[in-house]
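See the structures that follow.
The same chain A turns up in both complexes below, where it pairs with chain B and then with chain C.
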Partner chain A sequence: MRRYLTPLLFLSPASALILLFFFTPVVATLLLSFTDLSTTTFRHPSWVGLANYQDLLTDPFLKKILANTAKYVGLTLAFNVGMGLLLALLTSLVPENWGDPFRALWLLPRILPPVVYVFIWQGLLAEAPMGLVSDLLGVSKNWLVEAPWTAVILANGFVGASFGMLIFTSAIRAIPRELFYAAAVDGATTGQTIRRVVIPMLAWPILFVTAYQTLSLLTSFEYILLLTDGGPGFYGTEVWSLHAYHLALSNYFGNVEFGLGAAMAAVLVVIGVIVSLFYLKIFNFRALVTEPKIEV
Partner chain B sequence: MALLPRNWPLWLLLLVLITLPIGAGILWLVLTALYNQVHGLIPVGRLAPQHWRFLFEGSVGGRPSIWVALKNSLFFAGTVAVLEVLIASMAAYAISRMKFPLRTPYLGMILTLHAFPAVSLLIAIYYILRVLGLFDTLVGVILVKASLDLPLGIWLMKGFFDQLSWDMEMAALVDGASRWTVFWRVALPLVRPGILALGTFALLSAWGEFILPFTFIVSAKSWTLALYMQSFMKEAFVDYGLMAAVGLFYALPVFLLFLFGQRYLLNIYSGGVKG
Partner chain C sequence: MTKGTGVRLERLTKRFGRVVAVRELSLEVAPGELVAFLGPSGCGKTTTLLMIAGIYRPTAGHVYFGDRRVDPLHPRDRDVGMVFQSYALYPHLNLFENIAFPLRLKRVPADQVRRRVRETAELLGIGGILERRPAQVSGGQQQRAALARALVKEPQVLLLDEPLSNLDAQIRLSARAEIRRLQRELGVTAILVTHDQAEALAMADRVAVFSMGELQQYAPPDELYHRPKNTFVAGFVGSPPMNLIEGEFTGDGFRAGGLRLALPKAPTGRGWLGVRPEHLGLGPEGLPARVLVVEPLGREAIVIVELSGHRLQVLVPEDEKPAPDAEVRIAFPTGALHYFDAKGRRIGPE
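Let's turn to the complex of A and B:
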């Protein structure tokens, strides 16, 4: 037993934090979802069984929120994967000393503090004279209110596109040169080379990026919270994860409904656990993201 | 890249066109922060130092001074980065170098957690922090942030330790050094590139972090720059000039890293970073 003391010591800080902030919250989310915890019952919540889930199912706005969530995840995903692919191809079609600065530029939305990034979008979409979009279109409107979905999807998409871009770029780099030479000898055009040589080699990374981003989009709400906070109007862009957050943690209606919010979060947590376990099995996670390729 | 067509300038043009919104956004931020008025991207009027008054005045509209927020942000990001690098390295070293029961399941758990969307746990973490008495404290948010990024860090550092040859450590062990000494004096200095990469990633990620302090911090004295800036967004009258100046000030380290460390950034993010 003593010889396992050293690894135990090395692993204990990480294990303690993971236990405290991953495992306990997973269990706590499930447990809280069975209680009526709210502002008024914070000290003495009682067990209500499946009542929160029943409330969820009978919520008249459930349909709207589900539709919003599908719209947000579907369209952002399409933008992320499509734009990521386009960027990876374009930056590979130009000389390296041009491609790299553009890849770095596309990283900016991701590494800028979200608050600053969203503020820029708000400014660009504002009324004239500030707003660039109003200026260009010649119609002075607050485009964030006028076209909230376009704003939400583009703002999230510009952040998300770089993920696919980087993964597809390394996949393109890994294609053996001989394939390109062979295509060139056969007289293939650039378009044909991309369609017949590059894209087939990217099938697996594309599937991976799609799967991975579906899960993270389903649960992410930071940029929507900052950009529209679920508005405009009543639940204009409110998605599932944001609604859970609003119910449990913001004083939207004065009384926060912690238990109900936890029930909505529990649905996401269960999906998250199942899907990430599934990824571990199906995808060659090691080869695709987790194997660090850092050469500093 | 073997795929360089003869008409590549055409593709470059297309690349420039789709990247234009990013350039326009950054330019808009800089111009709005500097000039009295901006029409779209054309500055009208003169330079506007009054947008930067938040640097000199004690407080703007009853907020704490920006220097308090800056100090909190530096403390938050710095502590998160140090904790994350240290704790992740220790765990990664054990996984990479030592034999213990359940080693493979442990590794699988780290990988699964890496894919797991931690943001769905926010509601329960709120409850846990309140139970622990860490709600509304920077320490609480630091622990949460460092923990949630830990699976990524462990996996990244494990990769670096795996690439080290075992000989140096073996020699030190034979000379009678303890495992801790070997880790601290021999292995850790050899994975400096990994420490630098994870450290940079952790610093950037914590510097920009919004949702965790927003959810777990109430008192203005513990505000980070993200909360300071967000407090302007809620106002009925939006002072774009002032906010752009605050935003530029807040994002300055990111812009500097972008200007001087592009290659380095690309290398880090091409590694195993979450989308």
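Let's turn to the complex of A and C:
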């Protein structure tokens, strides 16, 4: 018994927080998803069992929204991780007084308020003479309507890539200098050193960034909301979390359906858990885990 | 069987900003020779080695392998093997893949890779643990794996940066002999960096002594010991270090405070008199001195004595060690003294 007491004690603060701020909302969301709580039924919701989930399944736009979500998460994630890695590698290979300002530049989108940031994108993508892109391409169009996905992915990616960039940069810096020397003496080119030494040593940060960003992309929709609001047309760029928001909090008919929104959120939690387990499996999580440095 | 190439450094200089890490270094290593770079920490040994390997570009000067000037070449075009102080094994690869790494980069066929890695690993006695990762083996085994990785591509030049300094004293002694044996057997030209003078003297054909980025002396071990070129080498080579007394040579003797020695054919002028602790005699004859401290070393003991205001170390057999505070007599060996001028340069005896 005593053997478990100390570890439990060490874990208890984090566990309490998780219980309070993660587990409780999940349970509350699940409970809510089995009710028909909405603006009209606010004082007297009733249990409806799986009705909300049935509604979701029979939604004619279900496929479209799932496909949009996969597209948005997949492509933005690829951009974020790939670009983050590329930026980290490039800025680590040049002298620090070049690399540091360049990295700082990439942090700008992240520190801009999202609304301002999205205004800038909308401005850039507008028709001539306002839009820079129209000007540069010599074709005056509203590019937000012409290429909404490119806009959504790039607008998110320019913010998201800096996260991976920061994590990967510090991980690259933690690689001992002598390892690079050894690779050079062993005959590796810069490319081979990156492929065979640096990237394998970044397995853990890459897993972390990929998992973390997948989960946050699944649930974040603020840039899409501001940029296209799920358009253009009918659900052009509507993703699952935005749809939940539309249904639950910003319904066209003025009737906010909390129960249905909760059901959508619950589905998202399940997807998140499945995706996380999948990552842990493909990255061979066990091989990455090290023994604790001190025993308690 | 000598397949190593000679190495020649020509006025090699490396600056880091305002720090001159290596200054105008010229020396030659013969094919198949093992040379030690010896000096205290920060004197430029590693920097020199990295310039030979091609990791650092010299600020000035040239590096030749045989007749080939290699200083413009990338490390991979130089055919060197290197063991780093931290071993620098790739942590994500097992020992087999670590050792195979240079061969894989050269696109050596897989069956040859397997054979050569096995052979090299057997040679170093780590054939049984090739499946393990670096973190799962001992320091001594890591060191062997690093050596195997350096040797597997059969390099012309083997560079060893303090390869033994992270090992336990016990293993260090056997590893010394082992590296020496392998180097002889393979006939590879080797440069060993160390701050341990005993290691340099024991292993090297010739030793280059460095101080503050400058070469002090380049000679075989016994010459370093018997004819140190200056007071730095005299003090650095040998353990316990040579006693150095500052004073005045008078042509027929040496004076330092109350100490007076008659030395036929002595030089004249201010300078240093050097005498090794093992050459000073403790006995019935000689100048009166008082014992301050006795440090037993096992077979021998270091006795620190005060002689006319000078502190001297004397090495005596364990069973002849005096008691602390005892009054003793110190005999100076006329045949084993060293004379240095006021700038520390050796001026005699011939």
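Here is the rule we go by: the second predicted complex is superposed on the first by the 240 of 296 C-alpha atoms of A that agree within 3 Å, B and C clash if a C-alpha of one lies under 4 Å from a C-alpha of the other, contacts with A are read in each partner's own complex, and residues count from 1 in each chain.
In the analysis below, contacts are C-beta pairs under 8 Å (C-beta built on N, C-alpha and C of every residue); 3 or more make two chains touch, one makes a residue touch a chain.
Note that this is a predicted model, so its numbers are computed, not measured.
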{"item": "Touching partner for A:25 - first (chain B), second (chain C), both, neither", "value": "first"}
{"item": "Of chain C and chain B, partner touching more chain A residues", "value": "B"}
{"item": "Partner chain in contact with A:222 - chain B first, chain C second, else both or neither", "value": "first"}
{"item": "Contacts of A:203 with chain B and chain C, given as first, second, both or neither", "value": "second"}
{"item": "Touched partner set for A:181, first chain B, second chain C, both or neither", "value": "both"}
{"item": "Which of chain B and chain C A:261 touches, first, second, both or neither", "value": "first"}
{"item": "Which of chain B and chain C A:73 touches, first, second, both or neither", "value": "neither"}
{"item": "Touching partner for A:152 - first (chain B), second (chain C), both, neither", "value": "neither"}
{"item": "Contacts of A:166 with chain B and chain C, given as first, second, both or neither", "value": "first"}
{"item": "Shared chain A surface residues [contacts with chain B and with chain C]", "value": "181"}
{"item": "Contact set on chain C toward chain A in their complex", "value": "50, 53-55, 74-76, 80-82, 84-86, 88-93, 101-102, 105-106, 149-150, 153"}
{"item": "Partner chain A, residues of chain B touching it in the complex", "value": "1-5, 7-8, 11-12, 14-15, 18-19, 21-26, 28-29, 32, 37-41, 44, 87-88, 90-91, 93-95, 98-101, 106, 108-109, 111-128, 143-144, 146-148, 150-151, 154-156, 159-160, 179, 183, 193-194, 196-197, 204, 207-208, 210-211, 215, 225-226, 229-230, 233, 238, 240, 243-244, 247, 250-251, 254, 257-258, 262-272, 274-275"}
{"item": "Residues of chain A touching chain B in the complex", "value": "4, 6-8, 10-11, 13-15, 17-18, 20-22, 24-26, 28-29, 32, 83, 86-87, 90-96, 98-116, 118-124, 126, 128-132, 135-136, 158, 160, 162-164, 166, 169-170, 172-173, 177, 180-181, 190, 193-194, 198, 209, 212-213, 215-216, 218-222, 225-226, 241, 244-245, 248-249, 258, 261-262, 265, 268-269, 272-273, 275-277, 279-280, 285, 289-296"}
{"item": "Chain A - residues contacting chain C, complex", "value": "176, 178-179, 181-189, 192, 196-197, 200-201, 203"}
